[in-house]
Amino acid sequence: MAGNIFGNAFRISTFGESHGKGIGVVIDGCPAGLEIDEAFIQSELARRRPGQSKIVTQRKEADHAEILSGVFEGKSTGTPIAIYIKNGDARSKDYSHIADKFRPSHADFTYHEKYGVRDYRGGGRSSARETAARVAAGAIAKLFLLQKGITITAYVSQVGHHKLEQSYKNLDFNHIEDTPVRCPNLGMAQQMIDFIKEVRKDGDTVGGVVEAVIQGCPTGLGSPAFDKLHADLGKAMLSINAAKGFEYGSGFDGVTMRGSQHNDAFYKDGKEIKTETNYSGGIQGGISNGMDIYFRTAFKPVATIVHEQDSVNEAGEAVKVVGKGRHDPCVVPRAVPIVEAMAALVITDHLLMQRMVKN
Amino acid sequence: MAGNIFGNAFRISTFGESHGKGIGVVIDGCPAGLEIDEAFIQSELARRRPGQSKIVTQRKEADHAEILSGVFEGKSTGTPIAIYIKNGDARSKDYSHIADKFRPSHADFTYHEKYGVRDYRGGGRSSARETAARVAAGAIAKLFLLQKGITITAYVSQVGHHKLEQSYKNLDFNHIEDTPVRCPNLGMAQQMIDFIKEVRKDGDTVGGVVEAVIQGCPTGLGSPAFDKLHADLGKAMLSINAAKGFEYGSGFDGVTMRGSQHNDAFYKDGKEIKTETNYSGGIQGGISNGMDIYFRTAFKPVATIVHEQDSVNEAGEAVKVVGKGRHDPCVVPRAVPIVEAMAALVITDHLLMQRMVKN
Amino acid sequence: MAGNIFGNAFRISTFGESHGKGIGVVIDGCPAGLEIDEAFIQSELARRRPGQSKIVTQRKEADHAEILSGVFEGKSTGTPIAIYIKNGDARSKDYSHIADKFRPSHADFTYHEKYGVRDYRGGGRSSARETAARVAAGAIAKLFLLQKGITITAYVSQVGHHKLEQSYKNLDFNHIEDTPVRCPNLGMAQQMIDFIKEVRKDGDTVGGVVEAVIQGCPTGLGSPAFDKLHADLGKAMLSINAAKGFEYGSGFDGVTMRGSQHNDAFYKDGKEIKTETNYSGGIQGGISNGMDIYFRTAFKPVATIVHEQDSVNEAGEAVKVVGKGRHDPCVVPRAVPIVEAMAALVITDHLLMQRMVKN
Amino acid sequence: MAGNIFGNAFRISTFGESHGKGIGVVIDGCPAGLEIDEAFIQSELARRRPGQSKIVTQRKEADHAEILSGVFEGKSTGTPIAIYIKNGDARSKDYSHIADKFRPSHADFTYHEKYGVRDYRGGGRSSARETAARVAAGAIAKLFLLQKGITITAYVSQVGHHKLEQSYKNLDFNHIEDTPVRCPNLGMAQQMIDFIKEVRKDGDTVGGVVEAVIQGCPTGLGSPAFDKLHADLGKAMLSINAAKGFEYGSGFDGVTMRGSQHNDAFYKDGKEIKTETNYSGGIQGGISNGMDIYFRTAFKPVATIVHEQDSVNEAGEAVKVVGKGRHDPCVVPRAVPIVEAMAALVITDHLLMQRMVKN
C-alpha cells in the first residue's frame, strides 16, 4: 500500500534514506537452499556505485552489504534475508542551503505535498541511493536465475542523440564493462563518453536509454489480464528513478508496421517451438514464449545541474537554486545494474509463481 | 498472484472468457455513498463495443452490464460491486478450425505452455473481450473522480505513420467522438480513417498510439520507490491487450534533452505552486505535482489477419493458419475507453491510499 | 483491504447481499487441469442450505451454483472461476419493519457506523447468506485436496451444555449426516435435537461448537512468524458469522498441562516420523507435522429471537424490536459445511504456496 | 506469501533469527508526522526482555532498538521505518548438542520438513526472539493509537489451574506491572508466582492465558466477510509463539447461553449509542461498536523442559533429548507486551483502512 514493497512470491521491502544511517532490503520468499555468494552481491553493488569514473558522480560510497539474517552456512534458509548497507559519514552539509527550497524537477515539492514533512538531505527517500537496496536484492535473484540457466544483460544504447542502431544480436556483451558508459559497441561508447564530458563541462546533464535482454527464460511466465510479464517488467523499470518510458519487442516502432509484417511465424526447431522473427519480444499475450525477452527504458536528464534556476521555497517565495553536490551528468551507465536487478526480481517472482499454475 | 486482480484500495477482480457464458468484475473497496449512474456505465461500454463503424470489427456485442451487488437505492454500499456482462450466443463456430493450431503472435501457444489446457474459442481469457469488464469498473472509478473534479481524456494520436504532432493543449477534446477513429484533429482523423480502410482492404492490420491526459489531479498521489504514480499507470496501460510501450511527460524524446532544458521551473500562481513547463508530465519523483498528467501508449497491429500464415499445431506439425472471425483492422480507436478506464482505476486507487499517509 | 478477499495463492473474492440479485465468488489461482465436478459443488451447497429440517430455518433457498467462467470441457483452465448463485424472489418484505432499527447483536448498527449507508434487507452483506459463496469455492478446494488424499471432516460437538466429550478418534464420521444436527454420536445427536426444539419453542436460540479434523495433510504447510497454519485456520474460522472462539490441538485445556505431559514425543513408524501423542494438533511452530490437524470453533446463539427486545433506531430513539423472519434456532449444524469449506481454502492455499519454498 | 509480513495499511515485515546477527522489522505505512518516542520503544522492549525476574528465563538480552530509517528530527516521515536489534554474542554453544535432533513439540522437525535446511541454533527463526521485532513495531502503533485516545492493556489471567475469575472491569490495571507475573490481582499473582517456582523446580513448564482489553476504539473498524476485526485480532494472537486458542467477548462460554441472554440491548447514553451488556466483546458483525473490545489468548506450556525425552534425529534414529539452555518455565508473563503489540498493529491497520471507506 505505501509503495515500498515489490513482488509477490519473491517479495522485497526496501528502506532507508540517502543521508540517514543506511539503506537496506528485506527479501521474503527466497527459496531455501540457494547458495548465497556474498562476493557476487558485493560486485553487483560495485557496478552501481558512484565514483567509478570521470563520467559519473565522484561521491565515494563504500556500499558494503551486510547480510543480517536468512543465510546459514552459506545457504538461504527460506526465512527473510535482510541486507543492510550503512551510509558513509558527514554527507548532510551539502544540502542545508536547499532545506526549504524546491529544486526543479526533483521530488522535493511532491514529497512536501504528500507527507507534510520530509528528510531534505540529499533527497531523503527519493534519492537514487535507494536503488542500492534493489541491486543487492537483485543479486540474490540473479543467483537464483543463473542456476536455472537464465541470464539478464543490460547496456546503454543511447545517450542524448548518440543512439546505437544495432540489434542486441549483433553486439558482443563482453565489451559492456570495458568502458564506463557500458555500451558494448566501443566506437559508440567513445562518442557517448565524449558527449557526456562535454555536457558535464557545461554544468549540464543529459538523458539516455538502457536496453536489456533476458535469455534462457522458459515458456509460460506471466499472467493473463493484469500481471502480464511485460506489464510487470514495465512497472519495474518505470519505478527506477528518472525513468520516463518503457517499450519491449517492436515497441513504439511496431506501431507503424502491418500485422502481416509484425506477426512472428512459428516453426519447429528440433523439439522446441520457436518464432522466425521476434517482434513480440519473447512475450505473447503477456506470457513468455521462450524466445529472448528484450526491452528498452528511457531515462531523463538528471535534474541536478550547476546552473542557477528559478524556483520557490516552502513559504511560496521566489528563490534561486544552484546545484552543489556531486552528481551524475548522465544517469544511464549506473542505471544498467539497476535495470538488470529489477528484471531479475520480476523473472524470479514469475518463475516461482508459475510453480502453482498446474494441478 | 494469478494475475487477475488489480489495485490495492480500489481493487478489481475480473473473470470470464470470450466465448464462455459471460465476463465480469468484482470491485472491492468502492467507497460507500457514491451515486452509481448505470446509464454512464452502459455508455462507457458502448464506446468500447465492437461494431461501431466500418473501421472496427463488425461483431455485434450487446454488452449489457448488470450490477449484481453492492448498490442499494442508487448508491454504493461500500461492499463489493459485482458487474456481469453476458456473452451473446453461438459464437464458437468460427474457431473450430484453429482449435489445435497456434495462431502467430496470439496467446494460443503461450497459454498452452502455461496452463496445459485452454479455452481455444476466440482466445478464451486472452481475448480483448476481458477489457469490457475493466471498462465497467473504470466507469465507476470515473464517477468517483468526476465529483472530485478529476477528468481523464484519451484519444488516438497515431495510426501507422499518421501521427498527430500537436500537443494535447492545442486540441479540442469535444471532437474526439466526432469520428470513429477518435482523433480530435478532424483532418488527421480523416487521414487515419482512409488509411485503416486501405489496410483493411488488404486483409491486413496496423498499430497506433493512444494519448491520455489526466486533469485536476491533486498533488501528492503516488508512492516512493516501487509504486510511483507513473509506474502504476505504466503497468495499467501495458496490461491492455496489444500494448507494446508506455511513456509519460517528455518520454523517450526527453532522452535527447539537457537537464537545463528539461527541468520544469516552479513559480507561484496565486496560491498554487505550478511549473513553467511540464516535461515531468505532472509527476515528479513518482508523485503527482498538480500539473496535467499525460502519457502515450503504443499498440501493435492486431495479430489476426486474413492472409495465410505459417505456424505449428499442438502436435508440433507445420500448418497454415488463416484468420476468419471478424476482427479490428486497427485496435486503437476501441482502446481509447480502455486506456481511460485503466487510468481512472489507478488514480482512484492512489486517491484513496493518500488518505492514509498523514497522521 | 476492503475485506472481501481471502487467500494468497488460491484467492477468493466474494460478493452479494442477502436480498440483492444474488451472491457469488471469483476464485483466482485455481490450478489448471483440475476436474470440476459440478454435482459435488451443488451437494456441498445443499448441506449449507436452509430448510433442511425442523431444527434449522424454514426459508427455502434453491442455491443453484452457476459456473460463469474458468472451466472448459469439465476442467479448470487456470483462469478465474466465477460462480454465481441467484437469490430467490420477494424476500424483502419481512424486513421493512426494521429498516431504521438496530437489532441487538446484529451488524445493523456497526454497518451503519462504518458505511453511513446500508442495505437493511435481511442484513445485506452481513447475512450468513454470504457463506454460500464460500461453500461453493470451498467445494473446488476440496476437489483439489481429495486427489492429494487430504480430507476435511467437521461435525457438531456441542450445543448449549450438551457436549460430546469423546475424541474424534472414537467417532464414526459416517454418522455425521445421519441426523440434521450433524453430531456423529447418535445418542448425543438426539439430545441436541431435543434441546434445540425446546429452545425453538421458547422463541429463543442457542450456541454450539463445531469440531473439524484434517487428515492426510503433508508436512511443511504453514509459514513462520505471521502466517502460521493454525493462525490462518483461526482467522478463517473466526471470519464465519457468529464465531466467538477458536482453539486447536490441546487448546484452552492445554493451559493447565505441564510441558512434560504436553510434549509430543517423536518416533519412527516405518519411514515416517510420527508423534506418540498429538496435543500439538498436527501443527508445530505454525507448520504441519503430518499428524491429524484438529480444531474447535465456538458459535454464539443466533441474534434473531422472537422475543421483544429494547433497542434504538437511526435517530437514536428508544424502540422495540421483534424478530419476524424465519431463522435458525441454532446455527451450528449449518456451520459444519462452512467450517469445512474455509479449512479447505486454507489448506489448498498453503499447499500451493509450499511449492515455492525450496530451491 | 512467505508469511513474514503482517498488516495491510500499516504493514510490517520482520526478519532475523535467534542466534544470527540480529532481528528487526520494517514498517511500511506509518503515517507521516507522528512523534516517535524512542524511549517508549525501548521501555516496551524491556517488558518483553528475558531476565526480568526469577520466574522467567535468565538469559540477558540488551535488546537495544536502533531506528535505521523513516524518522527525521523526531518525527515519522511516512517512508519505511526500519528498526534493528542486534543479538548478543556467543550464544550458539548451547545448541550444538541438538543440531540434528528434533526436540519434541518444537519447530525443529517441521522446519526441517518445510525448508530442507535450517538454522538450528536456538530455534533460528522459530524462536520467540522474533517477537521482539513485533514489540518494537507495536510500540510505534501504540504511539499512533495513544494520540487518538485508544489504549490497549493486557495481563495474565491464568497460569495452570490458577485462574482469575474476575472481569477486567473489576481489576486495577495499575497493579499489572507490580509483579513479574503481570496479574493485576496481587493475591492471585502470588499464587501464580509460587506455582511457577514449583514447576520450575521440577524442571518443568506450564501454560497460561493472557487477557487483553482495547478501550477508546471508535465504531466502524473491521470489514465484512473475511477481515472481521476479531478475525484479524485472532490471527494476530494465534501467530504468537505457543498460542493455542483465542476467544473474544463471551467466547467459548457464550456457547451455552441463549440468544435472549446473550443479545446486547442498545441504549442511548447522551449522544452515544451503547449496549447494556457486552457479550459481543465490542465487535458485532466483525465491526467495532465503540464498546470495550476484550479477548483471551491461550498459551501452551513451553516445550523446553529439563527432563530427558524420547525423540528422533534427522537420520530417523531414536535419540534422547535434554533441555539445556535457559528457558522460561511459563511464557505468559512475557507474552503480555507481545499480545498488546499485536493488538496495536491490528487496530492501527484498521483505523487507517477505515479512512478509505466513505465517499
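To keep things simple, chains are lettered A, B, C and D as they appear, and every chain counts its residues starting from 1.
Methods note: a residue touches a chain if its C-beta (ideal position, glycine included) is under 8 Å from a C-beta of that chain, and two chains touch if they have at least 3 such contacts.
What you are looking at is a predicted structure, and each value in this text was computed from that prediction instead of being measured.
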Shortest walk length in steps over touching chains, chain A through to chain D: 1
Far-end chain from chain B, centres as C-alpha averages: D
Inter-chain centre distance, chain B versus chain C - centres from mean C-alpha coordinates, in Å: 39
Separation of chain A from chain C, taking each centre as the mean of its C-alpha atoms, in whole Å: 46
Whole-Å gap between the CA centroids of chain A and chain B: 26
Touching two or more other chains - residue numbers and ranges from chain D: 1-5, 8-9, 14, 29, 32-33, 76, 78-79, 114-116, 125, 224, 353, 356-358
Chain B partner contacts - residues on chain D that touch it in the complex: 1, 9, 29, 31-34, 76, 78-79, 144, 147, 224, 352-353, 355-359
Chain C to chain D touching residues, read off their complex: 1-6, 8-9, 14, 102, 104-107, 109-111, 113-116, 123, 125-126, 130, 158, 160-161, 199, 202, 204-209, 219-228, 230-232, 234-236, 238-239, 241, 243-252, 254-268, 271, 273, 275-276, 279-281, 283-290, 298-305, 307, 309-312, 316-318, 353-354, 356-358
Residue numbers on chain B that touch chain C, as the complex places them: 1-5, 8-9, 11, 13-17, 20-24, 26, 28-29, 32-33, 66-70, 72, 75-82, 84, 114-119, 124-125
